[in-house]
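You will see two complexes here that share chain A, one where it goes with chain B and one where it goes with chain C.
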Partner chain A sequence: MANITPEEVIVTDFAVREHRSLWIDAWRRLISSNTARLGMFIVALFVLSAILAHYFWEYDPKVDLDYTLKLKPPTLVANEDVPSVHLFGTDKLGRDIFRRVVHGGWNSLRVGIVAVGISLTVGGLIGLFAGFYENINMTSLERIFLFGFTGLIMGILPAWAAAQPLQAVLMAGLGVAAAYFPNFHKDSINRLWIFAAAGGVVTAVPSLFAGSLVTLVCGVWGILTGALLSRPLEGKFFSNVMMRLMDIVLSFPGYLLAIAIVAFLGPGLEKGMIAIGIVSIPVYARLTRSAVLAVIQKEYILAAQAVGEKHGRIIFRHLTPNILSPIIVQTTMGLANAILSAAALGFLGLGAIPPEPEWGAMLGDSYRYLTSGAWWAVLFPGLAIMLSVLGFNLLGDGLRDALDPKLRT
Partner chain B sequence: MSNYIIRRIISVLPTLIGVTFVIFMFQRLIPGDPAVAMLGEHATEESIERLREQFGLNRPLFLDREALADGDLAGFFDSQYVRYMKRLFSLDMGESIHRRIPVAETLAIRFPATIELALLSMFIAIIIGIPVGIISAAKRNSAIDSISMVGSLVGVSMPIFWLGLMEIMLFAVLMQWLPAGGRLGTGIEIKPITNLYLVDSLLMGNFQAFKDVFAHIIMPAIALATIPMGIIARMTRSSMLDVLQEDYVRTARAKGLGRGLVLFRHALKNASLPVVTIIGLQMGTLLAGAVLTETIFSWPGIGRWVYDGILGRDYPIVQGGTLVIALVFVGVNFFVDIMYALLDPRIRYD
Partner chain C sequence: MTSLLEIKNLKTRFFTADGVVKAVNDVSYSMESGEILGIVGESGCGKSVHALSIMQLIPDPPGKITNGEVLFEGRNLLDLDERDMRKVRGRDIAMIFQDPMTSLNPVFTVGYQIVEALRLHNDMTKKEARKRAGELLTLVGIPGAETRLDDYPHQFSGGMRQRAMIAMGLSCEPKLLIADEPTTALDVTIQAQIVDLVKKLQQELGMAIMWITHDLGVVAEMAERINVMYAGSIIERGKVRNIYKKTRHPYTMGLLGSLPRLDDSPGTKLASVPGLPPDLLALPEGCAFAARCAYRNDHCLAEKPPLVEIDGPDHIVACWRWEEIAGINKNE
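Showing the complex of A and B:
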């Protein structure tokens, strides 16, 4: 037996594994899953082809027109009838469908990203603040802001009725005062009476000039508002109002609401993005809020509060990173949904304005020629929609498994 | 329990008020003057003004400041919104601007058409989605599992209008097996009893008519069913997997019960709660989201009707149709919540 020198022994300490960050862990889990790899491949294919086509493959939809090539089936080699190669055939204006499908990807991705950006930013912020202040007491500065804002909103009606902005300012002031003196006649019915009376006075007196009935209506409104402001409004109030608003948006079916918003804004790709973005705000708001509620009682939040960190810092430095995983998953799947909704709007003629290439609009353009046998004009744009949506969904599925091993089933 | 139901009803009220408010805002914010839409481009100023007067379109939207300044309290509240709410409470939905048919009348015909389509789609989605989910969970990580899960993801990713077009191309244009659109073939009479034609034709005992109705409804129903099918299959699978890890399932297997018995008697029962929830939620989406399917198959339902109403500025239709859809939506969600509380005694709501 030969002597073994110490250098030849590879010491493996099985108790301590190499240090890896959570994200690297998640990434390894992600690329070890077949379906996630498939999803990544499809997404990469669409993203790359869209970007490359947009920057390196010139296409001007306004001059793309050739009636001699109207509705030709797909060809792989050039022949006498069709002198050029059309992988996916041509549409009713003789345009190459392959080219339009590839360029359409740019528009679909843009819609997806902008729409998800809108709903993620607005919905995410609403959810973050609603979930946070539902559980954490507001600081006096925040309470002043909340009360002042509530007063301002409530003061708009009397200000409008009496045709002068003074009441809104006075009501805001009353709100600030209510927040500034939270202990003034606390736990006593007197607080209610005092604030109600103050509210009545600050709205009724400035509207004396506008007529006696105006004074009466404003005064009643002011008394009610004053009574509301005398209550110890907390984050729960804010959260309730916000979530109720989200419920209202959610009680409209997505497509109809999007169609109505587009009808209001006018057709166009940009309007479509906004409509789809608005429609899915509540999804993100609810998701973020429930994610916040799941971690808000954790020790690190308590610790951050205990050392006196500012609320903004707790929200964005401690809370946000810890609720990222469900939001990343929802964002990926949201991209899929946005692409699908954009295609639906385009199909109904409410999305991209022709001749701009967009998958849904291409379908809507060509489906009347289905009965005359032009299947290629419908098949390929639809396949592009389905595959890209499937890609994002597969990726989102894989991300869910990778980011949250507890959910792994 | 009844306490919970009452509190839940109260919490729905602000949502309902908000819904009516949003619907009101939409029909007023959509550009275009309804009076001009009604009379056409060539109407005289005078007749337009008279019509605006007649429909109250010359009133302010919410509150009348000038009436208040004049000391007229009733005039202060006499606005378009208040009139609209009054009409709602007296269940008067007005009549279509273009066709002059009462909205409620059209609704009574069109709403059952959408319901029939949605119910059949949901039926298809359930009888395929749930077994697929159960099998995937039982054969976890097998080839069957992977295939059916990717398959259900394809279902979720399906642009239903495209699937509908492909169906038409295959079965109506190429094979000529099924009609490409509509609800009823020519020359077939159905006595409307429930206005669900499948039920009506059976009630009449007319199997010829039933066959025809079925041939018309099956393609749109399948197109509409793909997305909920995928969602139900995935939900069933993950919920079953959760339950199959429980101790009582292991105990049942250990004491010698058969695999199938444990799967269906023990596991499925306890896994069904989230599945029932998702079915309820999808039902609302189906009822409402049928716009696209109805467009492609010229199905005379409510989604298509509202869509045409929005484009044609037919405000009463938009208002009545959206209201019914939103009410069904809110109602289904409410029902699901209550069912949840009834089905799962572990959940305490007070």
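Showing the complex of A and C:
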């Protein structure tokens, strides 16, 4: 019988696994999708061209003027009629549209980043705090901070109406006072009267010089706010106040509100950015709050509390990374939206001030010449708007699929 | 000598739109250091809420601890403010939770989470903490602990996650570990491993453990004393032997009777306690268990039975008819 000698088994360490994080997984899924890749390509093209143009291709719109080149169609080679190459043609002032479209990209990029930055920061913080403190007890310090914040936000309206920031500061002080003295005339109707009166005084008095109507409106708003702040100060209450404020902002049609804000602030690209940013705060606030409410029930939040973590750390280290996916998607889509809104404001003459290159303003400048055959002056800025918005939307769709936990294997 | 943990007349209420939920009603007991205490009862009987009350992690609103004292080494935890309480959590009292699937944060590595817990209460550099985290994972029996530190929770199995949670709970060497149904979500073999692990750790580290469960088999194996809870109150308390062999409360008898036994003939229907636990919004005036109790009489319905010592502090029961029940208990 043949001798079977057992082979020596060499144990190799096959259990070498990569430490894959959720983000790396999501990135892999993102680049494996065609639409997302297309979106990324368009976005990269847009961002790169804008940055390169801004830093390496000087352009001073104030001196860019040449009536001899008025409304020339696109050319690929120079000829006698048009001595210089104009890839996209020229507009009514003889300006090179290609150059203006590329430089307009820089403006659109800025609008997108600043506007989304405003709405994401303010809305995101409101949503985070509202969702978190709705479920978790506040400490006295947090209460003081949050109600000061509430007062500040509530004070913005009268401060805006009377065109000076004093009321917002005073209202913030009232919020702090309410949180600092929670036992002042507690459970008594006096507390309500005292705070309502204080609220009325601090908002009405500084607005006296702005006219009696303004004083009246501010005073009523101040009395209401003071009465609100006299109530028992709990997370649920804070969340309610914030979310109802968001509902109020949301109840205005976005463009109308943006136009109203620009009308108040005055035209200009920067003002437009602020207006667009303010208008979309509620979107982020609601999204963040709903995401927080879903995550905060998870046991790891309780576990983080049980090992003695501070609230701030729980909010920013434990909660925030877990709610990022919907917010990243919304931010990407929001960029597209902001670009579109800026173009709309520019078209109406409320955004960028001419001769600043801005896609919407360029459309607004040139659509009158469409009937005389100058299609290029409208087509290319329009195409730029469409493509950049499409790019961000495709990327957002791709991100949504990539970050969707249900697809996770 | 003061006990490690002494709870006096603890009452926790949830003030909801439907009314006041009386989740914990007048719970009093004490725990010595190094002791394993089992807390058993069916779902919704206030086991977990009472543990969260000790940690002061009851969501407020709607929850509120309305009465009582939680003395930890003689210090009333309910008097501490959030900042001092934070120092107690994790360092003096640690807690592990029921569902290992969701109690680790999915976006951080396991190592990061243990290191974080370590550095929260100890003055440690990142390097030291990482080394200690590796030791802790080895201690709870995770092979290749050093490399597994960089794994994300989704790369761990359920049992391993629960081990990691235990490692996190042990990180600051607490004097009391509250384990809130730590084995419920695990399968039986893993349950046995976790039970053995906790027993071993308890012997090595000498901490007290409060083991909350509805699994009577598990507590019998590990605990010295048991509190049986029903509708937010303790109804029977004592040494394991007394509870299992000299059961005096009809509810405990029902619980024990509902366990399947090896010597049951095949096809025997599992016994159950008839009826449902009472609505905590409207607790009856008398004994909370009376409605489901086979031995009730008018007295039970009219007046709530107090906890009485029937065998010194080693066996305490809240039943009017425990003496009569003693005669019919077949387990003895």
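Just so it is clear, the second predicted complex is superposed on the first by the 293 of 409 C-alpha atoms of A that agree within 3 Å, B and C clash if a C-alpha of one lies under 4 Å from a C-alpha of the other, contacts with A are read in each partner's own complex, and residues count from 1 in each chain.
The criterion applied here is as follows: a residue touches a chain if its C-beta (ideal position, glycine included) is under 8 Å from a C-beta of that chain, and two chains touch if they have at least 3 such contacts.
Please read these numbers as outputs of a predicted model, since none were measured by experiment.
In this overlay on chain A, chain B fits alongside chain C without clashing. Residue by residue along chain A, chain B and chain C are tallied for touches, and B comes out ahead. In the superposition on chain A, contact is made by A:Lys236 with chain C only, not with chain B. In the superposition on chain A, contact is made by A:Thr139 with chain C only, not with chain B. Contacts of A:Glu270 after superposition on the shared chain: neither chain B nor chain C is touched.
Shared-chain residue A:Leu22: touches chain C; no touch with chain B. Shortest separation of chain B and chain C in the overlay equals 9 Å (C-alpha atoms, whole Å). Chain A meets chain B in the complex at residues 34-35, 160-161, 163, 210-214, 217, 244-245, 247-248, 251-256, 259-260, 263-264, 266, 336, 340, 343-344, 347-348, 360, 363, 367, 370-371, 373, 375, 378-379, 381-382, 385-386, 389-390, 393-394, 397, 409. By the touch criterion stated above, chain C contacts chain A in their complex at residues 55, 57, 59-61, 81-83, 86-91, 94-99, 102-109, 116-117, 120-121, 144, 150-152, 154-155, 165, 168-169, 171-172. Those residues of chain A that touch chain C in the complex are listed here as 15, 17, 19-22, 135-137, 139-140, 234-236, 298-300, 302-310, 318, 321-322.
By the touch criterion given at the top, residues 14-15, 18-19, 22, 26, 29-31, 63, 65, 68-73, 76, 140, 146, 149-150, 153-154, 156-159, 161-162, 165-166, 168-169, 173, 180, 237-238, 241-242, 284-285, 287-289, 291-292, 295-296, 303, 306-307, 310-311, 318, 322, 325-326, 329-330, 333 of chain B touch chain A in their complex.
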